[in-house]
Amino acid sequence: MNEAALLATRHGAEAVSGGDFAEAIERMIAGLEKKNRVLNEQERRVVAHHELGHALVAMALPGTDPVQKISIIPRGVAALGYTLQRPTEDRFVMTREELENKMAVLLGGRAAEEVMFDHLSTGAANDLAKVTEIARSMVMRYAMVKSLGHVAYEEERPPFLGGPLPSGHREYSEATAREIDVAVRQIIDGTYEKAVAILRRERALLEQWALKLLDRETLVERDLEELRRAVARDAPQPA
Amino acid sequence: MNEAALLATRHGAEAVSGGDFAEAIERMIAGLEKKNRVLNEQERRVVAHHELGHALVAMALPGTDPVQKISIIPRGVAALGYTLQRPTEDRFVMTREELENKMAVLLGGRAAEEVMFDHLSTGAANDLAKVTEIARSMVMRYAMVKSLGHVAYEEERPPFLGGPLPSGHREYSEATAREIDVAVRQIIDGTYEKAVAILRRERALLEQWALKLLDRETLVERDLEELRRAVARDAPQPA
Amino acid sequence: MNEAALLATRHGAEAVSGGDFAEAIERMIAGLEKKNRVLNEQERRVVAHHELGHALVAMALPGTDPVQKISIIPRGVAALGYTLQRPTEDRFVMTREELENKMAVLLGGRAAEEVMFDHLSTGAANDLAKVTEIARSMVMRYAMVKSLGHVAYEEERPPFLGGPLPSGHREYSEATAREIDVAVRQIIDGTYEKAVAILRRERALLEQWALKLLDRETLVERDLEELRRAVARDAPQPA
Amino acid sequence: MNEAALLATRHGAEAVSGGDFAEAIERMIAGLEKKNRVLNEQERRVVAHHELGHALVAMALPGTDPVQKISIIPRGVAALGYTLQRPTEDRFVMTREELENKMAVLLGGRAAEEVMFDHLSTGAANDLAKVTEIARSMVMRYAMVKSLGHVAYEEERPPFLGGPLPSGHREYSEATAREIDVAVRQIIDGTYEKAVAILRRERALLEQWALKLLDRETLVERDLEELRRAVARDAPQPA
Amino acid sequence: MNEAALLATRHGAEAVSGGDFAEAIERMIAGLEKKNRVLNEQERRVVAHHELGHALVAMALPGTDPVQKISIIPRGVAALGYTLQRPTEDRFVMTREELENKMAVLLGGRAAEEVMFDHLSTGAANDLAKVTEIARSMVMRYAMVKSLGHVAYEEERPPFLGGPLPSGHREYSEATAREIDVAVRQIIDGTYEKAVAILRRERALLEQWALKLLDRETLVERDLEELRRAVARDAPQPA
Amino acid sequence: MNEAALLATRHGAEAVSGGDFAEAIERMIAGLEKKNRVLNEQERRVVAHHELGHALVAMALPGTDPVQKISIIPRGVAALGYTLQRPTEDRFVMTREELENKMAVLLGGRAAEEVMFDHLSTGAANDLAKVTEIARSMVMRYAMVKSLGHVAYEEERPPFLGGPLPSGHREYSEATAREIDVAVRQIIDGTYEKAVAILRRERALLEQWALKLLDRETLVERDLEELRRAVARDAPQPA
């Protein structure tokens, strides 16, 4: 709201418009629009395919939030492009499958880079950090990996049934830490494979729409609706 | 009392009534009643079965506190539903078996989700944290696992027979930490299996009463007495 | 106030009475004799056998302090019963055997529970902490385990022959930490077996005197003298 | 003052002169051109080949920043010589291959010392620190090593999907730390071999131009353009 | 000096006498003389043999400081008896052999208890701490164990050849920590065996003079000279 | 300078002379001259051979700083004797071979003790600390051990290519820490063997000049020039 009011003030409006809100929300997600950050041509191509990778995986997987906007106009310090998903609803309970789909969307950017350019780049750093955080929570807080038992491995726990928690060291053993690492790696690599498989299937759409994105710099809802229908036609079974 | 007084004031009462107290106590356990938190239909179904899972396991196991109320009206920040157990008495000495039954009740929610939906969700995070804390206390404070000896593995101990305890590191070795991890996992998984077995046996009641709970949102003592009798009939031997 | 509200709720009252308040205040006072702490019947039986376990092991082992009083009237926050041993003299030098006998007395409570009820309970937590502390001192400060050498493994040592001790980490290696853990476990389990053996031999006295203790709540010196003589008759060789 | 006294002592003076003071003050000033730092002849030869090593590797690898200036006039506290690369553009997305080329340039100095003198010296300390930092980022932040999965192993992560990160210990296990070490070592040694191979191929240029650099002390753009063309002629395939 | 002055004041003297000095020095070594600490008969016997153990080992080993006084009158908080050795000179360089002899004297107390009573007691705690400290210094600071190399394993080192030392963790590896533990244990157990061997040889003197010490409570220089001559006669080769 | 001014003041001079400076510099290196510290005869012999050990190894190895003065008059708190080396020039780049020669000089003291007395003493503690610091820098900062790769293992590194370094734990793994330990030990023991070999070869000079040093207490440049020539004659090939 503050952000929207500020924007309204800045362009001299009397009231905060719906456009101000939309812009404020986008700003919060991807940072300040910076037209002056100049990527080279190859970087622009990488970013365009990266962002379309997020979008295509989201469109191919059931239960993920719909894609609202894709842009390759750099914003803020870190974001070189962004894909905006509109949450259809607040979610309070999520299953392992739903979390894995969310992760696959996050890994879709890197997967698109691999499918198109066969490289690994620095562009996925933020996505990797988020994906790792989700995977560690799945393993350690939500006990979603059977081999580790229905055990919570988190440090911070409500004081329950007795004294304060000892601090300064890990509660669980090295061998268990290794089991956690292996489980995290398996979950992430599994979802990455899912993203890669989707993008290999949708490679034609990926290439064709990357060209559109490079040309227009931003794809809005109408474009994306068209893309979504194309993806739906490719899907083995409608979701 | 503060809470009760506040409630009384809020609805304009001159004095604090028993109902205010009951409400205040419930609030302390499950947080503020928030009718405005909107779960989607599938989430409500998950929550309803989760809460009934707690209740049915409690009813099937001897020596657990009787279930007083079940509700799927979300309360507070974390609780999406709650199952209120009234302690029949303060307990001062508990056996391993009694603690395992308590754990089985806590795991009943997740077990019901597995039995009904065959999924693992984020809904059990608090239950898992509590169950892990109990299991670690059983292993480390109460030395209830024979293979680890009648040894206390807790950090905080009354200074006894000499100087201050060294701090900043774990007193016991890595190999022992691993033994503790394995013991904790075995205890928890054993009690989880117990909960699942009960709910597979009571699956009909679980489905039938979940529908009631979804319809009425809250089950009170009279309803629960009926459910308890139904569970008692199913029990292999009356407890 | 919380406590009073809870008590009122527990006996089904509509409002909090003066008696509830008085009770709540008493509950908060620690260290005094609290008849109002109500153990259930089974808990009282467990506590009675637990305390007699301490006493009978003390009476059966040479060189331990004589038992002066046994009571199952709860005291303070933690103690549900207590066995008072009068030190016959201050001791300045103790041998490994004497320390093990002291430990056997401490483990006598849990051993009695196992002999009588075949369970492991939370009632022995304090005893286990003390026993572990003694065993760790035997291993680490007094170097009483030959395989670990005549080496002190304690952190805190008088600065001697040079600079300050490095801090923040354990001086000895993981493999040595494991040797210490194993030695501690062996000492404790050995003394526990000693306590169990004594109580199996004295099971008749244990059962008979537990009934007396449940009836009178407190056993004083005259009673205990009688019990001591009975134990002495059973002993394979007079101590 | 200490510095001045030391200088006086070194040239055998009876007292500290004004010149000694001036010199001492200059020595303390960092970042400025310091002709008074006197390297011995062998050190000058080592530095000259070291700097040319950076330059030749940069010229031989595609996509690295062009070399603008090389100097063996010592600057500042740490730099005994320097090779200035002019970034052609800001880079926002870099691939593993591009980062490895950057590392090869950094290791070019040490590689030149090995090729020419068959020794390992202290002169590469800063290069090694930078190279290690890049390699660790490739492994831990950018997940560019397939065997470690698409997992972020960094400590500092945006708080996401839940509570604060536990601190004071490493999040991942010892076995994973070892995998990271091995991966870092492989990446660095691979790029080092690449630098050595280039310099063995360009050994004639290295020797010939080191003589020029020792003679002129600084090589500027015109010289470097000539060198670049020479390197280009040697390259197996024009990049 | 303060201590001596205080003593002089306390018994009303005008000046500090030589006796006050002697007493002050003894007090610093063994703490305040406390005639009121009452050991039982067996404890007195243990202490007497323990102190004679120190003295006899010192007398049997070349290069150790001569024994000046032995007493079983308890002093201070910790000392139940004491053996006073007068350093013949300040030592600045000590060899491994000399340090081992010093350790053998410290372990002579415990060795005497084993030879006479075949027990391990708490009485040697201070001796063990000192012996361990010496052995760790031999291994870690003085590099006196060939298999560990001429390497210093201490944390605190003069900042040399570069930046500050990293803190908060051990510089060396776990495997090296274990090597250190094993080396420490071997040195200590070797010197302990030396002490035991001496005391088995001198068992007759040990028993005979323990009786004298129990009778007189304190042995002074004249007595000790007689004992020393007796030990010298037993020695396989005069030292 | 302060020190020199103080010395001048102390002997009543009007100005600070070169001699005052020389003395001040020596004081900084070896501490305050303390004629009152009395070593026993054997200790003096050990110190004399120890210091000559440093000097002889320095004279036998090419590229080490020339020995300016040797003294066995104790200085300061720690130094029992000292060997002063005058740096011929400031060095900015050092090779592994040069650092190893520097280490061999430092270990020459202990090596002389072993060659002459076949003992290990406490006298080498400072030398060992310095040698270990150099060896660790060779392994960890300068990556001079091929098997560990061209990797920097130091904690403190210039912040490069991203966020702050995590603290409180070691960056590298246990297995790598062990590799570092083994490499350090090998480097040190190799240089120690070099020092021992030199001193065995020069044993006659060592014995002969130790007598001179014991007699005169200090050897100055003229004496040392004579010794240097004698060493040069023994050298297999002139350096």
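Per-chain residue numbering starts at 1, and chain names A, B, C, D, E and F are given in the order in which the chains are listed.
Basically, a residue touches a chain if its C-beta (ideal position, glycine included) is under 8 Å from a C-beta of that chain, and two chains touch if they have at least 3 such contacts.
Small disclaimer: the values here were computed from a predicted structure and weren't measured.
Peer 1: What chains, if any, are shared contacts of subunit D and subunit F?
Peer 2: Common contact partners of subunit D and subunit F, which must touch each of the two, are absent.
Peer 1: Which chains are in contact with both subunit B and subunit C?
Peer 2: none
Peer 1: Do the two copies subunit C and subunit E share over half of their interface residue numbers, or under half; same or different?
Peer 2: Under half shared, hence different.
Peer 1: How many angstrom lie between the centres of subunit C and subunit F, each centre taken as the mean Cα position?
Peer 2: Taking the mean C-alpha position of each chain, the two centres sit 60 Å apart.
Peer 1: As a quick test, compute the distance in whole Å between the mean CA positions of subunit E and subunit F.
Peer 2: 34
Peer 1: Using CA atom averages as chain centres, what separation in Å is found between subunit B and subunit F?
Peer 2: The separation of the two C-alpha centroids amounts to 68 Å.
Peer 1: Specify, in ascending order, the residues of subunit E that touch 2 or more different other chains.
Peer 2: 141, 154, 168-169, 174
Peer 1: Have a look at which chains touch which and call the overall pattern line, ring, star, complete or other.
Peer 2: ring
Peer 1: Give the chain order around the ring, anchored at subunit A and oriented so that subunit D comes second.
Peer 2: A, D, F, E, C, B
Peer 1: Across the complex, what residues on subunit D touch subunit F?
Peer 2: It is residues 1-2, 4-6, 8-9, 13-16, 37-40, 43, 46-47, 74, 80, 107, 110, 117, 119-126, 128-137, 141, 154-156, 167-170, 174, 177-178, 180-181, 184-186, 188-189, 192 of subunit D that touch subunit F.
Peer 1: Going by the contact rule set out above, which residues of subunit F touch subunit D in the complex?
Peer 2: Contacts found on subunit F: 1-2, 4, 15-18, 21-22, 24-25, 89-97, 99, 141-144, 148-154, 157-158, 160-164, 166, 168-169, 171-176.
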